[in-house]
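Each of the two complexes below includes subunit A, the first together with subunit B, the second together with subunit C.
Now for the complex of A and B:
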């Protein structure tokens, strides 16, 4: 019998370890365009101690470990590029503590966004967390690890900016805590301790996040979306600047797409607004629509696109597959808001070249400090030619991101290489040192963020 | 080319100038009205062209059936005085473009039911009331082939309607229908008011939903249990194109035992839902729209309405929620009728 499999069974139990092809197949796939990559084993631990034991085993046997949550990055970030153990964290889904007055919740990293949302809705309806645009099965840990962003929370920044503390199993097996929890206090802040931010954005190649303290925010009773429409994409940066100055919207997203036809070449800004009363809602709308946007309406360059609508969540993942081919993948980037016009124009060109209707979107982060700009490419899973086109379009877009002065968000290996090729050499060397120090046997999600020179 | 059949001599001879003096949104005295009508007829700029909220009501107010509203919209386009910001017009015009294949044309024997662009309302057309009617198309991918296009009256774009309407009529006629019940006032108004006004041939007979419902309810009279609700009716703009059918609102209410509450803004004085006004260019339009909605809904509430009845999905979308927040249930007319014969509503 396979010794690694036997050891995994001993750690997590027979029901939660597998080397059967049908289960390995499930973990070999990503929802995007990545080629399948098979793990050799799958293990689903329940505790940080089980994770620790698996890591110690992997070091001993020199077997790669690839942690994953919902597996919904679309970018193949949780695919086992060099085989090994796919470490499915979804059983680690407990809510450990919720501090209402300090507005934070401590959760196990494998908890789904949907579960936390449902829990808050039921027990603390006046609190919310920043939910990503991904489907509810996406995990908190996965989204934090990729620097995700959430609906209704753009003023607060990235979801990873909302971390108050973490528990991490290091690649050598030690269980570490970071933030106020590390000195025995509550999990209420990550600061002002020495900066040890080594685990976010590394695609699980520096450690496995097992617990997270997450900031919560006031959840208002009324949540509605207003829409503003302009034809000139050049107006978008100014509009976002004006709207973030007022600061009344919980989300600002600019978007356009080739399909349906009414969207083509017309840029929509959705403004999510919340309030506890109609008066609060109208106060906010008045400042936005009658204040900052009035001049655009009166000079005819912009208009209120629709009567206010209830917000449907998740907003972003519903909109990309207009081609109805069953698949889409996108390049996300973190961009200066001023790049919106060029991002749209160049993205539409790439789409046209690959015969894919364009779908682009820029979600404001912070007070327009940046935007997450995405280019979505739809494909038909049953048609390899459309998958090839989508893949090529994605690679072209990765290059475009850097050309336009942006940073690729949750890059796959191709995008990681593009960025490392441009990276300051001292920074690159430091990344290499950090990686070697933390993961001397190179077992953690190998193939990701590997500095080769 | 389709041209508006407009007889200017009727306007010059008109003693009332009701088209403008009765307007609830522009306060115009008879002398001013006479001057402004003349300007509009003569293709001159008029403040009416800038301030019109495009509520269609002047079509109903005109005592001679001379289509003042169509003329106003035509002049707005000719003089490039557009009521909405440009991006909304561009976007709006593209809304009507079919993009998911050709319509499935099948011969329909007997009367047909046309949902126009509102395929999502197909759930409203279930039950005994609609037995015997064949739904022309409820495919959301194909609905734009049945879109009557009249919405572009709000956009100052007569030309778009005139470019596309013939094709829409051809599509409906391809089903070889003799009689078509139009679910929405807008479609009915297109084929019975707009089309003849501009010289479009319509090779099928159009039936207004309310007339159809009334006749069908009479056939099902034994199954009606009086509702005993006090109801208000939100009259849509396009009903102004078929004011002769407005009588069926009260006839239906009487038949199903609903009390049409006495209110200020009813019948000819009905107020616009404000949906279009919300997006207009004119300064303060949004606030004007909100004030209008408040005036309208307060009036319903003061009159003691328990239910607000709609026929237009756009009106429902615009004020359905505010109506509900005031404690009145928003209900489509067809659903109210289904309720009266003991069916569950959608």
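Now for the complex of A and C:
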């Protein structure tokens, strides 16, 4: 019998360890266009101590470990590029502490966004976390491991900016805490201790996040989405600048898509606003609509698309089925907002070249300090030709991001390499040193953010 | 080897594996798919299962006992159908059943599935108990055999053979008598309804069972059927018409709800108890009746009905569907869906966990015992609660 498998069974129990073809197949694929990469084992630990034991085992046996949350990041980031143990963290899904007055919640990293939202809705309806627009099975840990953003990106930034503390199992097996929790003072802040957190945005290649303290924000009683539409994409940067000046919206997204046809070339700005009273809502609406958008309406360049729409949980998975094919992947980028027009035009060109209806979206981060601009490419999983087209479109878009002065967000290995090729060499060497120091045996999600020279 | 005959080759690739199917309607947790709740590996989620089936029918994966276990771990509860946002969602369970059809055709089945089906063929019930003993449940009752009464009371395999479910079968018989309903049972002549045979993908055996039942029903002049089990209800209502077996079919809670409305069951005892109700999948998600059992409970004096967090179309299945009450693929763990459900029921503070299905009755009673909750929570079929 395989010794690693037997050791895994001993650590997590027989039900939660596998080296059978069915699990290896399942964990070899993600939802996007990536080629399958087979793990040798799958394990689903329940506690940080089990994670620790697995990491120690992996070091001893020199076997890679690849953490997996919801597996929704699409870019092959949780695929075992060099085999090893696929570590499914979704059994680590407990809510450990919620401090209402200090507005934070401590959770195990494998908890789904859906579960946390449901919990808050039920027990603390006046609090919310920044949920990404991803399917609700996406985990909190996976999201911050790739610097995700969500409902509160505008005005509070990336979801990883909303972390108050973390517990991490290092690649050498130590369990470490970061932030005020490390001195036993509760989980309410990451600052002002020296910054030694080297785990956000690393795709799990520097350690496995097991607990997270997340900032919560006021959740007002009334929520609505208002839509503004313009035809000239050149107006979007100014519009976003103006709208962020009043700071009334919680989420600002500009988007357009080829399908349905009435949306083609029409740029929508969705503004999520919330309030506890109708008065507050009216005040916010007034500042946004009358204060900032009226002049576009008057000069005939823009119009109200809809007012006071319910905010639904995004059903974005539907985009996966546009081609009746069960697949889509997108390139996300962090871009200056001024790049919106060019991002749209060049993206639509790439889509046309690959015969994929374009879908583009720019979510404002901070006070329009940047936007997460994404280009989505649908494909038919059963038609390799469409998969090839989507993959090529993704690669072309990665290059486009850099050409337009952006940074690729949650890049696949292809995009990681493009960025590292351009990266300041001292920074690159620092990354390498960090990685070597933390992970001397190179077991943590190898192939990701790997500096080769 | 590719399985070109697989019925859903044109759509099985459309699952994106986004995981909506893991959640209940209120997004409470990722464990509303009973098989995924039990094993928590992606392979056991509805999406994982579809991807594996696709790989198998495409010849990318060989059949193994483990693959079959994953496929048969589906309890056919339709939570995935309820939650999937994509347009093919209605077909998800059918895609799994179609994979079972293929496995049946190849004779490649997990051992307990094989013995379930064999027992049906030999004895007309999954337990492998002689058909002669099928009427033992009614000994000592005043229930009569069917001869042109208004209703056929179809008891089903669990009610006929399982000692715990027999109590519910008897209780319902007594209630119907008390209400003056004109009904009779088939006794030894009754055979399985075939619902689980269909769910397990044995279409040939299903056809045999259905035709045999229809022939018997027609010969006896049966027009209206009351079922103890929602599984039988589903079979008679949805499967039999396809074989030209059209009957007026009622789940017993629908009959009781009507009788209570008409005050034909008025001298029932008052029960000062807090009760929570567990929706059976084949009455709820499969046939969209969430009200009849609740109406019955609500019209009982003294009862306080409290809901579990996950209820109605968001209810967690007990894990007994698709033959799992017999094959027990989902058993043996504190993460077995029935045990999770028992804990949820206890969390409501209820003293009675009411069910309306003999499968749920046995699954949940065992779970309550395994959880050592039996000192504060008892599991009772609605028929038993009324018969007190």
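Rule of thumb we're sticking to: the second predicted complex is superposed on the first by the 440 of 453 C-alpha atoms of A that agree within 3 Å, B and C clash if a C-alpha of one lies under 4 Å from a C-alpha of the other, contacts with A are read in each partner's own complex, and residues count from 1 in each chain.
Here, contacts are C-beta pairs under 8 Å (C-beta built on N, C-alpha and C of every residue); 3 or more make two chains touch, one makes a residue touch a chain.
In this text, all values refer to a predicted model and were calculated from it rather than measured experimentally.
A.B. asks: After the superposition on A, what does A:337 contact: first (subunit B), second (subunit C), both or neither?
C.D. replies: Neither partner.
A.B. asks: Touch test for A:401: subunit B only (first), subunit C only (second), both, or neither?
C.D. replies: In the superposition, A:401 contacts neither subunit B nor subunit C.
A.B. asks: Pick one for A:300: touches subunit B only (first), subunit C only (second), both, or neither.
C.D. replies: first
A.B. asks: Tell me which partner touches more residues of subunit A in the superposed arrangement, subunit B or subunit C.
C.D. replies: C
A.B. asks: Taking the superposition as given, does A:261 touch the first partner, subunit B, the second, subunit C, both, or neither?
C.D. replies: So A:261 only meets subunit B here.
A.B. asks: Taking the superposition on A as described, I'd like to know which of subunit B and subunit C A:65 touches: first, second, both or neither.
C.D. replies: A:65 sits against neither subunit B nor subunit C.
A.B. asks: Using the superposition on chain A described above, determine whether A:44 touches subunit B (first), subunit C (second), both, or neither.
C.D. replies: second
A.B. asks: In the overlay, answer first, second, both or neither for which of subunit B and subunit C A:92 touches.
C.D. replies: Neither: A:92 stays clear of subunit B and subunit C.
A.B. asks: Both subunit B and subunit C touch subunit A; at which residues?
C.D. replies: In subunit A, no position sits in both the subunit B and subunit C interfaces.
A.B. asks: Under the touch definition given earlier, write down the residues of subunit A that touch subunit B in their complex.
C.D. replies: Going through subunit A, the ones touching subunit B are 229-231, 259-267, 278, 282, 289-290, 294, 296-298, 300-305, 307.
A.B. asks: Residue numbers of subunit B touching subunit A in their complex, please.
C.D. replies: It is residues 82, 84-88, 90-92, 94-95, 97, 99, 275, 278-279, 281-287, 290, 317-318, 325 of subunit B that touch subunit A.
A.B. asks: For the complex, which residues does subunit A have touching subunit C?
C.D. replies: 15-16, 18, 20-23, 25-27, 29, 31, 42, 44, 70-72, 88, 90-91, 93, 112, 114-115, 117-118, 122, 135-137, 313, 315, 317-318, 320-321, 324-328, 380-382
A.B. asks: Please give the residue numbers of subunit C that touch subunit A in the complex, ascending.
C.D. replies: Residues 11, 13-20, 22-23, 26-30, 39-43, 48, 51-52, 55, 60-62, 64, 66-67, 70, 85-88, 309, 333 of subunit C touch subunit A in their complex.
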